[in-house]
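One chain, chain A, links the two complexes that follow: it is found with chain B in the first and with chain C in the second.
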Partner chain A sequence: MTGSSLQELDQNGAGSDSSKSVKSAITVSGVVKKFGKTTALDGLSMNIPTGSVYALLGRNGAGKSTLVQLLMAMMDRDSGTISVLGHDPAKEPEALKQRVGYIPDRLPMYDWMTVAEVLKFTSAFYERWSREEEIALVKRFGLNTTQKVSSLSRGYRALLALVIAMAHNPDIVLLDECTSGMDAIARREFERSVIEALQQSGRTVLFVGHQIDEMERICDHVGIIKDGKMLIEMPLDQLKDTVKLLRITGEDNLPTNAPGCRVIEVKRIGREQLVKVELSKAGVMPTLPPGLMIQETVNLSLEEIFVALLDIPQEAI
Partner chain B sequence: MYIRIDSSSGVPIWQQVVAQVTRQAVSGMVVSGDQLPTVRELAAELRVNPNTIAKAYQELERSGIVETKRGLGTFIIEHAGNSGADSIESLNERIDAAVVEAIQMRLDSASFVAIVQDRMTVLSRNGNANPNHITKPKPASQEIKK
Partner chain C sequence: MNTLAAKEWRENRIIIGFAALLVAVIPIVPTLGVLTHLSLPIPQSDLLSILLSICGVCALYCGSVIVAPEVGNGSLQLLSTLPISRRQIWWTKIGMGLLVMFASMVVCSIVMILITMLGLSMNLVSTGQTLTPAEYVTAQVLVALAATVFLFSVGSVVTMLSDRTLSALIGSVVTAVTIYLLTIWTVGEILLILPHRQTIEFGTHTGQLNILIAVFVLITLILFAASYRLFVSGETLKTNKRFRLLIPYVAPSAAIVLVTVIASWFVKVQ
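Right, the complex of A and B next:
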């Protein structure tokens, strides 16, 4: 029930309106992927507009990693369609990889090589590799090119991966949980570099991960996956105008079927009730029965929205 | 210009930027002609999406706090301090918080008003903010916010 109301909402939302005018960098439609009896992706659809910074969120096991592996042509889907910059990963994996900079969570690298050797080795695979860009990035990140990869810290390894991902001038950068395990300073430097990198016009960034605070700062589009399906997908601003906390006064509880919203959770504190709602139309308040009044509309952080949408909703009291 | 983002507050980041720049302009912490960092600089500094900063600057421009001079940058405008229905509403929220505190402290309304007047004198003395602008709000563009 939750899923269907969200999908309706998504179809009515501005997200799909604008997607018609904006070109898509990645489109995924009805993709299914099974591992034995387990269904990892269950008809998942996703649309990432060109030039957007897209946060892909979901709980562990929701299907994020499977989706990333399909996008990066690391395995094949069972059914559905995928287009990455017009390429089908199942058919044109090489063409696709030339245009996508991929930074995985665990960075498999040639530990015995030095930084310079890794860069030289990797550059051979990419037609669009820019030596100038590589040198500029290495300098900015303060990487020591004579250092062995095995002796790099977690943060520097990620920065090296970022150099590799950016130096071939990709149209899409895919960051897969790559800041997990980084200390605060390394993460700041990394985020700053990503921001600077994405200021190059038209570049699309796909962020996959659990650092929701960080994603709220950087991303402008959000997709939340649940049980192998897209639960909700829309611009961040619109999502923040859609899921709200209302402070309502009055004797009765807000009925769960109040027109204009879906009630996620009701908490009563004295004469007040705190109600988390998902509005049918972003920014439009629900119609309240007589006797109830909205005192305040509270903004929720992306993390609070994530929890509200994915936590099993408490029964309205 | 000092801007600090709190991504767990729930308030959209562009609104946080707008509120902080407006506050600094109205209170005279920044004055007419002061230059704002570029969108790129501020985005990198705050580690925020550049489009978010661009949106905040557009909003500040529409509400008459800053102006963008082509090729030169974004600057605080003289006599910054505009107010429309939206800002009155947000002002009310903050006044409410202060009033509640005043009641708890058992201040009577005359003493409270005196404090407000005092603060207004102090803040407008610091910079270019003209109290007339604050007390006589002009109707401003209301189509800005949904």
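Right, the complex of A and C next:
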């Protein structure tokens, strides 16, 4: 499965026209990153519109975290170009980091410091650090500034990381699987805090993670990485209009190369077929051969689309 | 940068107290019957040897903890996300590491002087070593400084290749001993091969000692350059890229040793 028709749609369809008119906060073009013989990113391209909340999805080892580390100038790319708010991470890392807030997956901190000391330490590096914003966020998240970082729960650590990422008024916030390891309640709590903190801020947000159902509620753009390449990238609504589940009746099977769609998966129950298809044009149903009839069109969740596009067996989820 | 320096100081200042404590317990050791060859008052030469050993271990430790613990606990990742260049981070860490190391040496020396003043150690004259303060400074302190900075530089390279303090310290000890022995042997062999052959006894022949010190200063500078390159270009300091970055610094030295081995063999055969 290559997802080529989806990419074609993204490049030629209505979605690309709208994205072209919006200024990009992050542009990645043909980026390659290798670790010895392993290719982590293989000519990856990506475009994140300014002000969007973008979900970057992919299986473990797909290259998501490597991409984020390249965006944060923590690694050097082997080839390709990257622009973050007009800055090349390889050439202007400090200027870029002044404008980007980042929460990594491991939530690294100095455990021997108190919350107040961590905030004082990090604030010294930022030109735009707002003490008022810091106090407001600490109060909103209920952080105890005298508490040692080592005694914070993972949820509170994430909230402290969120304060650090937000208090210098960044234009972009990168969240790299920072909710992994949290229980469901802490994750919900963190998610609510993120939404509140980002509400009406107009910031560009890049979410990287595996909690697809939660990301679906927040994000408006989606990118799916497979084997270091961008499999698909488009607005969430457009993606949902493109990948559908069709309930088809008829004796014959729907051909895999039916005009106007690509068949991803077929399940037959008697005379009925449940077919996951990738439409060539969002919202436009495929032309079926005689004897087959679409009885129902079902919208898929982002998680179902993710699973279908990555050819992941259902039992593995 | 000041904030980072203050953080480094807070993290490492305990080394000073620990080193001073080690020196302070030396007079207690004979009373415990642990090191029976030591007896009160301790000869100052023994005390000086112990002091130098402690300073050497301090230097290795100060170099070894520059980066390895931060890689291990992930805090280097936090540092990498802050708007400060890796060059600045390296200079600050090396600067503060050296400061802590020198502070340890000074504090240890003060403790040693106090031990002497309390009559727990014999002075230099009574042990037959008639060193004037000026001779002491030039002969002992300068060599000690060169040696400790060399040991620190070894630690500053090995710390880039490890993610635990203990493994970095053990690695530093092994590397320092290996470099020391290889250097002594190689320099000795080269001097033997040279036209004016003579018996080399480092430590008694001032000229040859100076050559050796110059070689160690050169090695120290190369080690600092390697440490800088590893940190600035080593990305997360977790990939094999670190070892590839080290090759340009290790390869010429290895080549010199190899050429010396071959040349020495030829000379002996002839």
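Everything below uses one rule, namely that the second predicted complex is superposed on the first by the 307 of 317 C-alpha atoms of A that agree within 3 Å, B and C clash if a C-alpha of one lies under 4 Å from a C-alpha of the other, contacts with A are read in each partner's own complex, and residues count from 1 in each chain.
Just so it is clear, contacts are C-beta pairs under 8 Å (C-beta built on N, C-alpha and C of every residue); 3 or more make two chains touch, one makes a residue touch a chain.
Please read all numbers here as calculations on a predicted model, not as lab measurements.
On the shared subunit chain A, the superposed partners chain B and chain C are arranged side by side without overlap. Contacts of A:Thr122 after superposition: chain C is touched, whereas chain B is not reached.
Contact with chain B, but none with chain C, is seen for A:Gly283 once the two complexes are overlaid on the shared chain. Once the two complexes are laid over each other on the shared chain, residue contacts for A:Ser301 go to chain B alone; chain C is not touched. Of the two partner chains placed around the shared chain by superposition, neither chain B nor chain C is touched by A:Gly80.
In the superposition on chain A, A:Gly250 makes contact with neither chain B nor chain C. Contacts of A:Gly43 after superposition on the shared chain: neither chain B nor chain C is touched.
Our angle of interest has its tip at the CA centre of chain A and reaches the CA centres of chain B and chain C; in the overlay it is 150°, to the nearest 10. The superposed arrangement places chain B and chain C with a least CA-CA distance of 27 Å. Shared interface residues of chain A (contacting chain B in one complex, chain C in the other): none.
Against chain B, the residues of chain A that register as touching in their complex are 53, 188, 191-192, 195-196, 198-199, 213-214, 216-220, 237, 240-241, 282-283, 298-304.
Residue ranges on chain B touching chain A, taken from their complex, read 5, 7-13, 40, 43-44, 46-52, 146. Of all residues in chain A, those touching chain C in their complex are 35-36, 69, 72, 74-76, 93-95, 97-98, 102, 104, 106, 108-112, 120-122, 124-126.
Only residues 2-3, 7, 11, 73-78, 80-85, 233, 235-236, 239-241 of chain C touch chain A when the two sit together in their complex.
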